[in-house]
Amino acid sequence: MNEAPREAGRLEVQGLSLSFGGLKALRDVSFAVEAGSITALIGPNGAGKTSMFNCISGFYRPQQGRILFDGENVTARHAPARAKLGFARTFQNIALFRGMTVLDNIKLGRHAHMKSNALQALAYWGAARREEIALREEIEKRIIDFLEINHIRHMPVGSLPYGLQKRVELARALAMKPRILLLDEPVAGMNREETEDMARFILDVKEEWGTTILMVEHDMGMVMDISDHVVVLNFGQVIAQGLPSEVQADPRVVEAYLGSGDPAALMKRINETQEAA
Amino acid sequence: MSDELLFFTEVSLAGLGSGALLSITALAFVLIYKATRVINLAVSEILMLGGYLFFAAAAGFGLPAWIAIPLAIIGGGIVGAIVERGVIRPMLGESAISVFMVTVGLGSVLVGLAELTWGTDPRTLPEFMSNTPIFLGDVYLSPKIAIAMAVAAVVVPLFLLLFRFWRGGVALRATATDQAAAYSCGINVPGVFSLAWIIGCATAAGAGILLGAIGGISPAMGVFGLSALVVVIVGGLDSVAGALIGGLVIGLVEALAGTYLGGEFKMVTTFGILIVALMIRPYGLFGTTEIERL
Amino acid sequence: MTAEPILEVNNIEVVYNKTVQVLRGLSLSVERGKVVTLLGSNGAGKSTTLKAISNLLTLQNGALTAGDIRFNGESIAAVTPHGLVRKGLFHVMEGRRIFEDLTVEENLTAATFALSGRGLKPMPFERVYNYFPRLRERRNGRAGYLSGGEQQMLAIGRALIAQPSLMLLDEPSLGLSPLLVEEIFTIIARINRETGVSMLLVEQNAAVAFAVAHYGYIMETGKIVLDGPTERLMSDQDVREFYLGMSGGEGHKSYREIKHYKRRKRWLS
Amino acid sequence: MRIATAKQSYSSDEALLRTNTQWAWMGILALALLAAPFLLDGYWLYLACLVTINVASATGLNILTGFTGLVSLGQAAFMAVGAYTVAVLQRDVGTPFLFNLLAAGALTAIVGVLVGLPSLRVKGLYLAIATIAASFILHFVFVNWQSLTNGPSGISLEPATFFGAPLTSNFHLYWVFVPITALMVLGAANLFRTRIGRAFIAIRDRDISAEVLGIPLLRYKLLSFAISSFYAGIAGGMWAYFFRVVTPESFPFITSIFFLAAIIVGGMGTILGGIVGAVFMTLVPELLRFLVEWASPFVPNAGTLLSPVRTVVFGALIVGFLVFEPQGMAEIIQRIRRFFHLWPFRK
Amino acid sequence: QDNQEIVIGGSIPLTGVFGFAGVGIEAGMQDYIKILNEEGGIDGRKVRLSYEDTGYKVDTSVAVFNKLTSQDEIHLYYGDSTGFAKTINPELDRRGTMIMAGASFASELNDPAKFPAQFLAGPDYTEMVSILLEFIAKEKPGATIMLVNSDTEFGRDPIAKTKERASALGLEVVGEIITPPTAVDVSTEVLKLRRARPDYAIFHGYILAPLPEFMNQAKQLGLETKFMGTFWSMDSSIWADVGEAANGFMGVMPYRYYYDTEAAPMLDKIREMRPQYQSTAYTQGFLTAMLLTEAAKRTLAAGQELNAKNLKASLNTIKDFDTGGLIGVPISIPGNSIPVGRIYQYDAAAKQMKPASDWISVQE
C-alpha cells in the first residue's frame, strides 16, 4: 500500500463563538492555519484553547462561526466525518484505549479510511483480511519506526510511562492519514530531554509528511523555537497573532500570558519575598 | 365526592403509599451509590433479610415489636458493614459493572443462606401494627400503607436535610468521585464507605420489615428491590429527592395502570416509563450528569 | 540545622502488582521549613515516591517492601492515609485529581477535613480566591468543567485550605501558563517563607523548581543518582544539559537545532 | 516475556494461531470434541449440548458487554426472541433448520438494534437497567401476543430435520450444535482482529474520544447490539430445538444474570473468557450435584441442601472471582501459559 | 430381569419457591413406596424412588431428568412444574418408555392427545375452579364472583374457561384482578374488590401471599366477600401463622386432610407412620406414587412390557378405584385427570381445614 502522505490542508476559522450556559468560552475567534505550517495556539488557562480544538475536531458545536478546510465549510460535519477528511488530534489528558496494545491503538487511527463490513470481519475474509495486513505493514514501516516505538508495540498502553503514551497518541494521529494534526499540549509533563524528542518528531512530521500542524502548548521555549505562526487567545478572544518573535514582544501577551519568562527573574522575586518576610 | 372520584382518590392514595415504600427502598440504593458509586443490587436481599431478622426476633424469640424492629434494622446495618469490609472494599477501583455484579453475587449468597437458615416456605410476620382502618373522610387508606407513608415522610426529608447541610455529605460525594483524592484531603474513606453501607443496609432492612408486614416474607421477596431500582434509575441514582419523587410517581402510575388497564400492565407501564424517562433524561430526573470532556 | 528533618525516607523499595519493582533503595530527607525538589525523567518513580510517603500506594496495587518512612519522627507505616493528612502531611497528587462532580467550593470544603483534630482555625476560602481569581468566578460551577489549568489551581487551593506542615507537590506546574507558573511558584515560595511549611516538590520544569528549592535530588529508575543544594546542582554539567537545556555554559539550545543523537547521562554509565 | 520469533510475514503475524503449540492444542480440542459423543452417556451429552448453546450465547454477550462495554441484562430476552422465531417458523411455515436459525439471528438482531437505540445517550448501569426494562417489555409481548406466541402456555415444536435426518436425540443435536458454535466463536475471534472489533473496544474504553478518532458512535453501538443479539438469537434458536418447547417463562431474568456472570467469571473482553466462563458456570452446578451425592450418606438432608448451596455457590463464585481474580479465568489460563513458556528459565 | 427393581424418577422441588411442597411430596412418595415394598412390591419387584432437588427451576429439572434416566432404567416419573411437564413432553414422547405425573395441575396437560404420557393426580386447575363454582351455585345461586389471578402461566391457567363455566351455572363474574407475580402490596386491588363487592373472590396462582393481606384489608373495610383458593393454597400449615384473619378461607381440595376423621384406612396407616401433621403436598406425593405404581402393576399383570403406551393404557383402566380413603370417593381415570374434589374451610381456632361440602365430581 505504502501510500504517499495526503496533501496538507489549510484550516480557517471564521468568527467562532461558543458558550456553555452563561460562560463564553470563545468569542468571535478567527484565524488561519496555513497548509504545511506549524501554528501554535497559546493563551492563559481557561482561555478556550482546548474548546477551540474541540470545535475544530467536531466534538463541540459552536453557536456561531464557520470552520473552513481547504475552503470547504465543514462546520456542520460530525466528528467522524471530519476525521475522515483528515483532522487528526491528540488530547490534553491522554486518551489512549487502555484495553488495547500500542499496535491496536495505532491501527485504530486508520478506522475511518477502511472499508470492510461486519460480515467480512466475522469471516476475516476478502477486504477485511487484505486491509488489515496492508495496514499492519504500513504502520510498521512508516509510523512505528519513525517514532521509535518498536520495542513497545505489543505492550498494553496502560503500563507505559507518560512520555511514551504521548508518543503513541501521536502515532495514532499519524495513522489517521492526517491532513491537519491538532496537538493539545504535546510536551506537558515532560522534562527537557523528552521535550526535545517530541519537538524533533513534530518537526519531522512537518518536513517529511508535510502535514499542517496546529498545536496548543504552554512550553514557550518549544513554541517559540518550532512554530511558524502563533495565535494568542485570552478570555476566548484572539488578542494577538503573528511570528513567534512578534508575539513574544507584544506587551498584551506578556502581561496576560508570558510573564517574565525568566527563571532568574523568578528567583529574584522569590528572594525578595523572603527578605520581606 | 362522586363514586368514581372517590375510587380514583383511593387508588391514587394507595399508589402513593406503596410508592412511599418504594422510596424508602430506593433510598438504600441512593445512599450507597452516593458514597461508593456502587449500585448495590443486594439491597433487595438485605431487605429480605430485614424481614427475616424481624421474624426471628419477634416470632422466634418472642420479643416485642419495639425491640425486634431496631434489632432487625441494626442487623441489616451489621450485614452491611460486614459486606462492605469483606468484599466491597477489596473491589475499590474496579469497574462499576464488576462491583455491580459482586452485589448480584452477594444477593445470591444471601438468598441461599436465608433458604438454608429459614427454609423456603413463605411466612407471615406477627402483627405489630395497628389494624384499625384509616378513613380520610370517605377515603379508605390501609393502615400499613399509611405507616409506610409516615415513615417515608420522616426518613426521606431527614436525609435531604443531611445532605444539604452536613459537611459529611461533601465527604460522601468526594469519596465517590475519587477515593485517592478523598484520602489526600483527609477524608476517612473507609469510614465513609462503612457508614454509607451501614446506613444504606439498615434502611433496606427497615423497608423489609414494612414490606414483610404487608406481603409476608419469603426468600424470594427481594424481587421488590428490582422495582425500587427502577425508581432509582428514573429519579437519578445519586439523588435523594429523586428517590422520593421517583417512588411516588412510579407507585402512583403502577396503581393507576393496574386499576384501569389491568394488573398485567403494571410492570410494562413502569418499564415503559423508565425507558421514556431515560431517553429524555439519561441520568434520571434528578441525577447528576456525568462529565464528558476531552 | 540541628532539628530532626520533618521527613525521612530510608532505603525504600516499592513493588507494583507484586511484580514490577519501581523503587530500589531510595533515600531522601526534607529539613523542616525547607523546599526540596525531586527531579527525574518520566517513569523514574517520582510520583511513586510521593505516594509511598502519603501511604496511598495500596490504592494502586503497590506495596512498600523495604525501608521506612518517618514523618515528624514517627513511622508512617501504622498511620492511615487520612490520618497522615490530619497530622499535617498533604499530597497534591499528579494529574490534578479534583472532585469533578463537586463544585469548586465543595472541593475546598472537602479539604477542610484535613483540619480535623488539629485545632486549627479554618481558613476563609476567600484567600484561595485571592490567589486564583478565576476560581472565584467559577466557584459554583462543577469542577469537572474547569479547564486543565483551572483544575490545577483548584488542586493547589485545596492544599492551602488544608494548612499542612509538609506539602508534597507532584508537578504543580503541569499545564499551567508560563505566567501562572511563575505566580504559583511565587505563591509556593511565599507560603513556605511565611508559614514555614516544608515542601517536597516534584517538577519537570527544573528551572522553576530550582528557583524555589533549597535542596534537590535527582533520580533515575528508582534510585537517587545525585543530590545537593540547588546552587550546586545547577552548576552540574549534566543537569544543565538534560534538565535546563543549556548547551555548554551559555544560553539555551534551540529546539530547532537538536541533533539526532543523544549523549548518555554520566550517572547512567 | 516470550522470546520473539522471527515472523515470516505480517500476515502470519496477524493470524489467530501463531505457534505450533497453539495449533497442537486446537487439534487436541477438535479430537476431543469428535470423540465426546461416543464416550458420554445421556446426561453428559445433554450437558454438552447445553454447554454449546451457552457458549454461543455468552460469546455474543461478551461482544456487547465485554468488548463494547455496553452492559446488557437483556440476554435472556434476546434468546427468547430467537427461540420464538424458530418455534413460530417451525410451527407455521416449516422452513428448514438452518434457515430458521439464521432467521432467528436476524430478527433478534433487529430487536437488539431497537433495544440498543437509547445507548447513545444512556450509559453504563443506566443502560443496563434499560435493557432489563426492554426484557420485561418483551416478556409482556410473549405473554400477550396470544395469536403468535400462544400466550403463557407457549409453543411446542416438532423436532427439526437436518438435510433429511431428524434431530431428535442429543446425539444428533450435538453434531449440529458443535460446528455452529465453533463457527460463531471463530467469527467473534475474527471480529476482534479487524477495524470493527477495534472500534468496539475503543468505544468501551472511552467512547467520546473514539468518536473524534473517526468512529461513528451510534452506528457502532448498534452494530454491536446487532451482532451480539444475532448470536443470542441463534443460541435461543438452538435452545428451542433442544428443549422443543418455548414459553414466556423459559427465559427468566436470572438467565440474563447467569450469562453476565459467565463472562465475568470467564473474563470479560476475551474470547476465551466467554467460552470458559460458559462452560464453567454450566458445569459447576452439575458438579455440585455429584458432590452432594457423595456427601449424602454423611449429611442428613443433603438433597434439600443442594439447591440453596448451589445458590450460594453461584453467588460466591461471582464474588470470589471478582474479588480475587477480576480478570476472570482467562487471565488464570494466560498466567499458566506464561508460566510454561518461561518454565525452563524460572523456578 | 424379573427381579430387577422398579425405579420411579423424580424431579422434585425440595427448595425454591415450591420447596414447602416438594419436601412433603418426597415424604409422601417414599412412604407409599415403603408400604408397597412391605407388601411385596410390584410383581415381586421392589420399588425405589430416585430423585433430586430442582429448586423449582425448569432447566434444573431437565438436567435431573437426564441424569436420572442415564443412571437407571426409568418407567415412572414425577415432575415438578408445568414448565417442566411441557419442556420434557417431547422427550417423553420420543422415548416412549415412561409415564409421568407431577406437581402441576395445568389444564393444558389434561389432553391425552397432546400429553399421551402424562397425567394429573387430581383435577386440573380449570376443574378445580369448576368445583368451586358448582359449590357456589348451590350455596348461593346467582352469586357474584371476582377472579383474582397472578400474572403467571400458573395463575392465568383457568381464567378463560372459568367465565364460561360460571355463566353456565348462572353465576356472574363481576371482575378480574390480575396481580403481577411479585406484587406484595395489594391495596389498589383491594379497592377494586371493595368497589365490586362480590360475594366470592376466587384466587388462583398463589400459595399464600397476597391472600392474607387481601383478607385483612377486606375485613377492615367490612366486606362480606368470601375468599376461595385452589389446591396449592389449601395446606393448613401455611395458614397457621396468619392467625385470625385466615378464618373462613375456603378452597377446593381433591384429597382428605391428615386430620380428617372419616374412615380412611390409608390415612390411618399414614398417621401410624407419621404421628405429626403431614401437608397436602405429602398426600399428593403419596397418591401420585400410588397411581404410578398401580399403572405399572396393571401393566405387568397383563404381561406387557413397561412402556409409555402400555402404562398409560393400564392407568386408564382404573375405574371406581379405592384410594384407601385418600380421596373420599372411588375414582376413575378415563383421561389425564381425576376431576373430583371437595370444599374445605379454614377454622382458625382449630388451625384446621373443615369439610364444607360433599365430594363434587365435574366429570362429564
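For the reader, a short list of remarks on this structure follows.
Every chain is named by a letter (A, B, C, D and E) in the order it is written, and numbering of its residues begins at 1.
Simple rule for what comes next: a residue touches a chain if its C-beta (ideal position, glycine included) is under 8 Å from a C-beta of that chain, and two chains touch if they have at least 3 such contacts.
Small disclaimer: the values here were computed from a predicted structure and weren't measured.
Chains that touch both chain C and chain D: A, B. A count of C-beta contacts for the chain pairs A-B and B-E puts B-E on top.
Taking the mean Cα position of each chain as its centre, E sits at the greatest distance from chain C. For the pair chain D and chain E, the distance between mean C-alpha positions equals 38 Å.
Per-chain Cα centroids separate chain A from chain D by 41 Å.
Between the CA-based centres of chain A and chain C the separation comes to 28 Å, rounded to the whole angstrom. Shared interface positions of chain D, i.e. residues touching 2 or more other chains, are given as 143, 208-209, 212, 307-308, 310-311. Residue positions of chain B touching 2 or more other chains, listed in rising order: 115, 120, 226, 264, 267, 293-294. Residues of chain A found to touch two or more other chains are 50, 59, 91-93, 95. Pairs of chains meeting the touch criterion: A-B, A-C, A-D, B-C, B-D, B-E, D-E.
Partner chain E is touched in their complex by these residues of chain D: 41-44, 46-47, 50, 143, 151-154, 156-157, 159, 168-169, 243-245, 247-250, 285-286, 289, 303-304, 306-308, 310-311.
Listed in rising order, the residues of chain E touching chain D in the complex are 14-16, 19, 23, 26, 51-55, 58-60, 62-63, 66-67, 69-71, 83, 86-87, 89-91, 94, 106, 108, 114, 151-153, 156-157. Interface residues of chain E, counted against chain B in their complex, comprise 15-20, 151, 176-180, 182-192, 194-195, 207-210, 212-213, 216-217, 220-221, 238, 241-243.
Per the touch definition, chain B reaches chain A in the complex via residues 294. Chain C contributes residues 20, 39-43, 95, 134, 138, 141, 145-150, 152-153, 171, 174-183, 185-186, 189-190, 193-194, 204, 206-208, 210-212, 242-245, 252, 254-256, 258, 260, 262 to its touches with chain A in the complex.
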